[in-house]
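For reference, chains read A, B and C in written order, and residue numbers begin at 1 within each chain.
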């Protein structure tokens, strides 16, 4: 049995829009809560439309000491994480894309194993080591752990990117007198740059969202999620809503920036 | 011990109401020097941290101070790590509850020579600062307690004959039942979520009020009666209580009308709606109206980065004006003699009244925080909260649970080598569950 | 994705090792070494000797069995929900309906949202004075706000967590599946159409078997992640719903016993490993294919 074409199309779009609403409506609600008065946060029933927008809740959140500096810390950690993870991950991704060699399976297993263990527990021995090395409670220490967390993804994404960049082009450049290095630099790298940028954004996201390692490895140099996590049970609901909004809202921009490379995240082309 | 503790609390009431305060600690410190960290387990809520940094410490003119606060475990680990590392640490001053200093003793300076400066601190508080030794390890800083905050909408449902300022636990249960019968809602609130202070309510209120002890009577017949009463109370308690860390939030949103919590965790709603609320003493049980006094002290680690700076900060924090600022902002009560200002916030006045009524009640019996547990304090708290979870929330058999959990309580006490304290009296070896 | 690319001139193993070496070393130092150290903690007594005391303490804890049960229940509910939801999204995106790029973008937004933020987001929906009750009351479905997040109604708490986690983590599955769909030649879809297969039958009989490698990747990745994420559970359920990863965190941060915390981490590792083996067995493709 087949539905008439028009009905069928309408159905498909209805489902697609419904699913879009499923994603967007909760984001709308947290935005509504973050931009209302604190009184509105306690009231019931709540307004479902932004009838009385107010910056009071957001201002309370941003004025709370530690919040602005934690946002700065989050940025600093994330940028440092990008640098470390790309410097280490891009060459590895390139190697995975270009060479078939023994040990690649072992590498795949290693990557997967790193995800089976809660980062909060990993951080316990790391905290001890970092204390001895003077890295405890420092932005660098957190960035080291975040880049280790992000590294497997960076390798996967960059290898996808380099696979897409034709290997023949590089070889052709070499036959034209380029060394392997200059062939890479002049041919492969420029073509791969947009993909690498997407990998960088994804690395930023991983670091921006990570709460547990940051909580255990810092005391004063809190990142935003660490600050919100430690305050979760102890803060007014207005603080939670504003914090949730500040953490979630950038996702809209992040995903927009990397939308063309989303499929590279898992080895598609 | 009980008699002495009464003295402590009476001293609190007297010092709080006294009008002849003498300035202590001298003028505002002007000591400069390298900045240092003031690490504390107090003021963890964001708003309190905020007030500590921007208001209470605002008048301190000495070296730059970085106030940090976190869960007991995190702070103690940090201090211990610096002590082990030796040399000059970042932490210059620490502010902990009486019971939290135990494991740090070897890394703390003797502050005995400075105590003369701080006049008007009750002798019993000074004594607690010696942690059972001859050395003055900490200087008392501030104090607090727990009581009930009640929405006036609940008052019409009071059981006949009950005085809201002198409730018993039985009356509280009947009160909750009346409300549920008439409105269909469960309007009592207990803080039983993550990071709540439920264990303190058990240690300082329910257990001693029903059994006259805590550790020694952990699985006694009286304890069985008590848990039965808590289960009864729970029937009229908002089921979301297992997610409440602070009672001021659900009180403000009127999810509950009657909330039992720490003064600092009730203050926001009392400040926001002083006309809608009353604050009343904790109820009394068969053994009396037991309540807990929380004493917080200041200590200087041997590894302090700025000796003079830390000492100057203690001076500053104990000045009457700072003590009043601490009361105004974070609702911890003074330990030195101060004049309570007439323009005190109405919400704080409600609290001050409740504190005075609670301490002044005929059957009042104060209890300190657990003493001598050190790092094992967390184990004791967990054992007690787990008892609550199993009996009240999950509905397991009271006798079975008490027998099993008593073993864990005993293990925590024995591991810490803690002798009996407060309502349990004293002992030579580790306190024993009977 | 990389088969058959080995050039004759580049056969030496030295260069790839030099390129991979630093990354591997880094992971060994910052992930594998602390992992081993953490696991040692689970068996180490105060005097440094071997002990099973911590494991006993863990299994004897009030929350232990609940934590295992809740973790598995959440897994069994969340992962299939995500797979189905993501499959529908992926097929919609892949069908090249107008604006499919925008739909992919919108569906992928939660990919960049942490479990902590997602937990808070959904707390604003499910709390007693929250948006769900507001909407239901506005529609006249309820007269009084419902208490969703209560220990008395664990089913509802679990439902709220399943919804929050499905909302957040479906995006990752979606991305894997869309990538997988693109590897399937379009002819298959068209051929199926030609033979008059209805959409559902086409999906079941043609698409799903071809998507098996991607589905397997998605299942394994999601399962492993689901074991270790718990911030949404914290934000929504507090103490009401212990899960293994949450207990590990609580023991390390609240009870300050790294040994018991490490024991819980060991349980997680065992669970995640066991589930991965089960998937590999049941879905039966080789390990290397999955890792891509």
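Convention: a residue touches a chain if its C-beta (ideal position, glycine included) is under 8 Å from a C-beta of that chain, and two chains touch if they have at least 3 such contacts.
It should be emphasised that the depicted structure is a prediction, and the values quoted were computed from it without experimental measurement.
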| item | value |
| --- | --- |
| Distance-maximising chain from subunit A - centres being C-alpha averages | B |
| Between the pairs A-C and B-C, the one where more C-beta pairs touch | A-C |
| Inter-centroid spacing, subunit C versus subunit B (mean Cα positions, whole Å) | 41 |
| Centre distance in Å when subunit A and subunit C are each reduced to the mean of their C-alpha atoms | 15 |
| Where subunit B touches two or more other chains at once, by residue number | 71, 74, 193-195, 245, 253 |
| For subunit A, residues that touch 2 or more chains besides their own | 42-44, 233, 237 |
| Of all residues in subunit C, the ones touching two or more other chains | 128-129, 234, 238, 253 |
| Subunit B-facing residues of subunit C, complex | 61-63, 128-129, 147, 149-153, 234, 237-240, 253-256 |
| Of subunit C, residues touching subunit A in the complex | 1-7, 10, 13, 15-17, 19-20, 22-24, 26-27, 30-35, 37-38, 41, 85, 88-89, 92, 95, 97, 101, 103-114, 116-118, 120-125, 127-131, 133-135, 137-138, 145, 167, 172, 175-176, 178-180, 182-183, 196, 198, 214, 217, 220-221, 224-225, 227-228, 231, 234-235, 238, 245, 248-249, 252-253, 258, 261-262, 264-265, 268-269, 272-273, 276, 287-288, 290-292 |
| Partner subunit C, residues of subunit B touching it in the complex | 71-74, 76-77, 192-195, 238-240, 242-243, 245, 253, 255, 375, 378-379, 382, 386, 389-390, 393 |
| Subunit A to subunit C touching residues, read off their complex | 1-2, 9, 12-13, 15-16, 19-20, 22-24, 26-27, 29-30, 32-33, 42-46, 48, 88-89, 91-92, 94-102, 104-105, 107-126, 129, 144-145, 147-149, 151-152, 155, 159-160, 163, 167, 171, 205, 208-212, 215-216, 225, 228-229, 232-233, 237, 240-241, 243-244, 247-248, 250-252, 254-256, 259, 262-269 |
| Subunit A residues within the subunit B interface of the complex | 42-44, 63-66, 131, 136, 219-220, 230-231, 233-237, 239 |
